[in-house]
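The structure under discussion is supplied below as structure tokens; questions concerning it will follow.
A, B, C, D, E and F are the chain letters, set down in written order, and residue numbers restart from 1 in every chain.
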Amino acid sequence: MRGLYIGRFQPFHLGHQAVLERIALEADEIIVGIGSAQASHTTSNPFTAGERLAMISGALRKLGKWFYIIPLPDLERNAVWVAHVRSMLPPFDLVYSSNPLVIQLFSEAGIEVRKPPLFRREVYSGTAIREMMMAGDDWRALVPPGVVSVIEEVGGVERLRNISQGDRPF
Amino acid sequence: MRGLYIGRFQPFHLGHQAVLERIALEADEIIVGIGSAQASHTTSNPFTAGERLAMISGALRKLGKWFYIIPLPDLERNAVWVAHVRSMLPPFDLVYSSNPLVIQLFSEAGIEVRKPPLFRREVYSGTAIREMMMAGDDWRALVPPGVVSVIEEVGGVERLRNISQGDRPF
Amino acid sequence: MRGLYIGRFQPFHLGHQAVLERIALEADEIIVGIGSAQASHTTSNPFTAGERLAMISGALRKLGKWFYIIPLPDLERNAVWVAHVRSMLPPFDLVYSSNPLVIQLFSEAGIEVRKPPLFRREVYSGTAIREMMMAGDDWRALVPPGVVSVIEEVGGVERLRNISQGDRPF
Amino acid sequence: MRGLYIGRFQPFHLGHQAVLERIALEADEIIVGIGSAQASHTTSNPFTAGERLAMISGALRKLGKWFYIIPLPDLERNAVWVAHVRSMLPPFDLVYSSNPLVIQLFSEAGIEVRKPPLFRREVYSGTAIREMMMAGDDWRALVPPGVVSVIEEVGGVERLRNISQGDRPF
Amino acid sequence: MRGLYIGRFQPFHLGHQAVLERIALEADEIIVGIGSAQASHTTSNPFTAGERLAMISGALRKLGKWFYIIPLPDLERNAVWVAHVRSMLPPFDLVYSSNPLVIQLFSEAGIEVRKPPLFRREVYSGTAIREMMMAGDDWRALVPPGVVSVIEEVGGVERLRNISQGDRPF
Amino acid sequence: MRGLYIGRFQPFHLGHQAVLERIALEADEIIVGIGSAQASHTTSNPFTAGERLAMISGALRKLGKWFYIIPLPDLERNAVWVAHVRSMLPPFDLVYSSNPLVIQLFSEAGIEVRKPPLFRREVYSGTAIREMMMAGDDWRALVPPGVVSVIEEVGGVERLRNISQGDRPF
């Protein structure tokens, strides 16, 4: 069985990893779709698709499963989004997502979606981690060590703090 | 005389129908432009252009006039929007709209715009109807019966409630 | 039964009209999709979607059926084209087309396509008519009278001849 | 030395002019990049790129330097924005900007950015001037006389007031 | 009087310069529109908009007129192209172009177009110069000295020769 | 060392596999970029990105290296293509490509490109294989067995034959 897990991963954190470990119990192969792949350098999407890909790959290697990590640029047309996603991915049997729109769109297309149990969502949340980064709080314990390395290498915290003062080009 | 009436029709309601009946007194032929045609599955644009088209056609058939219903995708460039609309439509003599930007853009292009008297706007408003749908209130009396059928057939109320918990893909 | 007939209609000619008459025997309602709706002012797509819409509506009115004429802009992503078309149209049961790609895309999506018998294709062909226009030959007998009016009103033959000397902006 | 100054100039005001005068002391040639060039007719971007270009050119002529004024449409992909800007402009040595995202993006690309001292920002600000226009206050003293002419010629204040009642097409 | 001269300038050559000199006799101010501004690194569009801008500015400075050089990205919708161009430029009175589509589009919009007499077109042509570059023939005498500098600085001849072996990304 | 190999893989064949085996001798990790990822259902791009991804993954698994397979949609702006590719991928040290434009674009950006020795190009070529498919010749020996399975599962040969009669939507 091949399972698809879709998220934005801004950044990838231990909550995401717990979901992946859960999916690994059910699926033979895992596809991770990186949503809003075209976005970066904004307060809600600070990291590029390539940076997020580097964050995720470490975690996936440890699962001992065949996996794919695929950037999925937004199409701005919800009505064709499922067809768009399917054309970019190898065939999959099941979608894991807790995003209401993703669930709705796949359900209308007749594709089964499972809502993974969220792992301590009040702590492990991209929004919360980005806020900690901007506030100068310690976010490192909330993500895998490999993610810390990627973020430090690209100067991610400084980037986020700078653009938090204005993330529109002008 | 051919009149153009532009709206988003999320959903088409009795206020829109009253405007169309008024236009039918003045115009020989009616063009209905469905704005933001590319949008769907969001809290302010829950229905696809095709679903909105199905909602409108019943009402237009009853008017006994020749009509066109044309989806108009946004161009994200207001400065060329009028040229875009004109290239997609048969020639028209008059625009009916109460949208300030639509009025401004057509006026700058030298095209006459008439503001139709809104029919009990505090009751008949797309925003209000979508809020009633989300709250579980009875919205059915505010739209023509044919619109109730279209919305029920596509599971529109359930769709709107689901995506109201988050209408961004990720 | 609602049938969808898709073409570019550059211009609409008597061959198209013969197909529509045939569809009218089978379908209760007819949707005409104007393909490549964004294109105009090129040698293979001289007319705007609005001009083509005006050409087609005269023919459809004579059929005595409810009909829709919908401009369909290209998406440049064949893999989502069917989803795009379905989101812009009211529901349909059957597609009529003799275009190989349209047939393939709808077939892969599990939608029935019927190939209408072409009516004297060696004579009634958009390409042939555009060539006659450019060569100064008489094309008027190949299209319905209403189409002659639309083309003459917009200076279509002169337009086509001018751009045939170079239809790229620069 | 060729310096690049990027802004939205909605509208161009005396604060911008003070910055340009400062740049003129350091640079031999000046490039002014008009950001969000595709935007117009919204409350935060009321003027077209062409109108802004006309506003800026008067001020630049007085500086006695060679200059370029280049409209820069947004790309919606921050990660390629610097490459996009560089491909549209003649080579430049230095960027002047006080926009946090612009500074971050050029810095990550290894291009030097200087933050020009803002000239009485509490008074000379595009946002403040647009609000004065909408409120009917006198904004004329905050912009160069040439800018007053451009805005009056295109009916800019009336445009802004009208669209402030709703600047989405529908 | 403000005149607009539109071309692709791949590269800018002495024929273009002769036209500009001619326009300078009639116009008080000159706008040069760089068409297909988004294109570069193809056999028919080897140079970026920025490189072409650098080529043109030398020639314009010698004319002793106020001028603007504006990159114009293609919109792929001929029907809105004139509105697009007008929104990006300061107002102009007259268009100079020998491109059939440009002439047709401005004429349909009611804007006067003058066809400049081409200066020895069999010799001074972008296509011919690009072919000389690829063949290793001497093209330098056909362009102003400043253009030779720009092309040599960016390695333009080597670029063109390399991509002439295949100018599609894959 | 992380190497990037870019191609269209329409379809993936034994020549591609020989190149990958060669890269595997030099690189610790391999990124395969699927070019023109948005294209499918045309005679030169018959397969979707997802189908191509499924073709490639079998071959990569046998190499015993960590790998990524990333769909790369075209941007239609060569000048930003390298920035676009880099933003979508994890960091890489070396590019392998025999495509002239890819080589030129990466070289201008200062990134090292190696031209892999092509393996019997007169036999192992996507174009040749697609022609064999259309002609009904036996192409199976030219691709890995896993690719035969993918193509047969999606009806790829029939798809290609059908659209070869016309691969424009209309």
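Throughout what follows, contacts are C-beta pairs under 8 Å (C-beta built on N, C-alpha and C of every residue); 3 or more make two chains touch, one makes a residue touch a chain.
Just so it is clear, the structure is predicted and the values come from calculations on it, not from any experiment.
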Notebook entry, point to check: Any chains in contact with both chain E and chain F?
Noted result: C, D
Next item on the list: Select the interface copy of A-B from among E-F, D-E or B-C: the correct pair shares over half of its contact pairs, counted by residue number.
Entry: E-F
Notebook entry, point to check: When C-E is set beside B-E, which has more C-beta pairs in contact?
Noted result: C-E
Check: Measuring from the mean C-alpha position of chain D to the mean C-alpha position of chain F, what distance in angstrom results?
Finding: 43
Notebook entry, point to check: Hey, how far is the Cα centre of chain A from the one of chain D, in Å?
Noted result: 36
Next item on the list: Would you please write down the residue numbers of chain D that are in contact with two or more other chains?
Entry: 40, 48, 77, 79, 86-87
Item checked: Overall pattern in which the protein chains touch one another (line/ring/star/complete/other) -> other
Checklist line | Pairs of chains found to touch, sorted by chain label | finding: A-B, A-C, A-D, A-F, B-C, B-D, B-E, C-E, C-F, D-E, D-F, E-F
Note to self: Going by the contact rule set out above, which residues of chain A touch chain D in the complex?
What the structure shows: 38-42, 48, 155, 159, 162-170
Next item on the list: Quick one: which bits of chain C touch chain B in the complex? Just the residue numbers, please.
Entry: 37, 40, 48-50, 53-54, 57, 61, 66, 68-71, 73, 86-91
Checklist line | Touching residues on chain B, where the partner in the complex is chain E | finding: 75, 77, 79-80, 82-84, 86-87
Notebook entry, point to check: Which part of chain C faces chain F closely enough to touch in the complex?
Noted result: 6-8, 35-36, 74, 76-79, 81, 99-105, 108
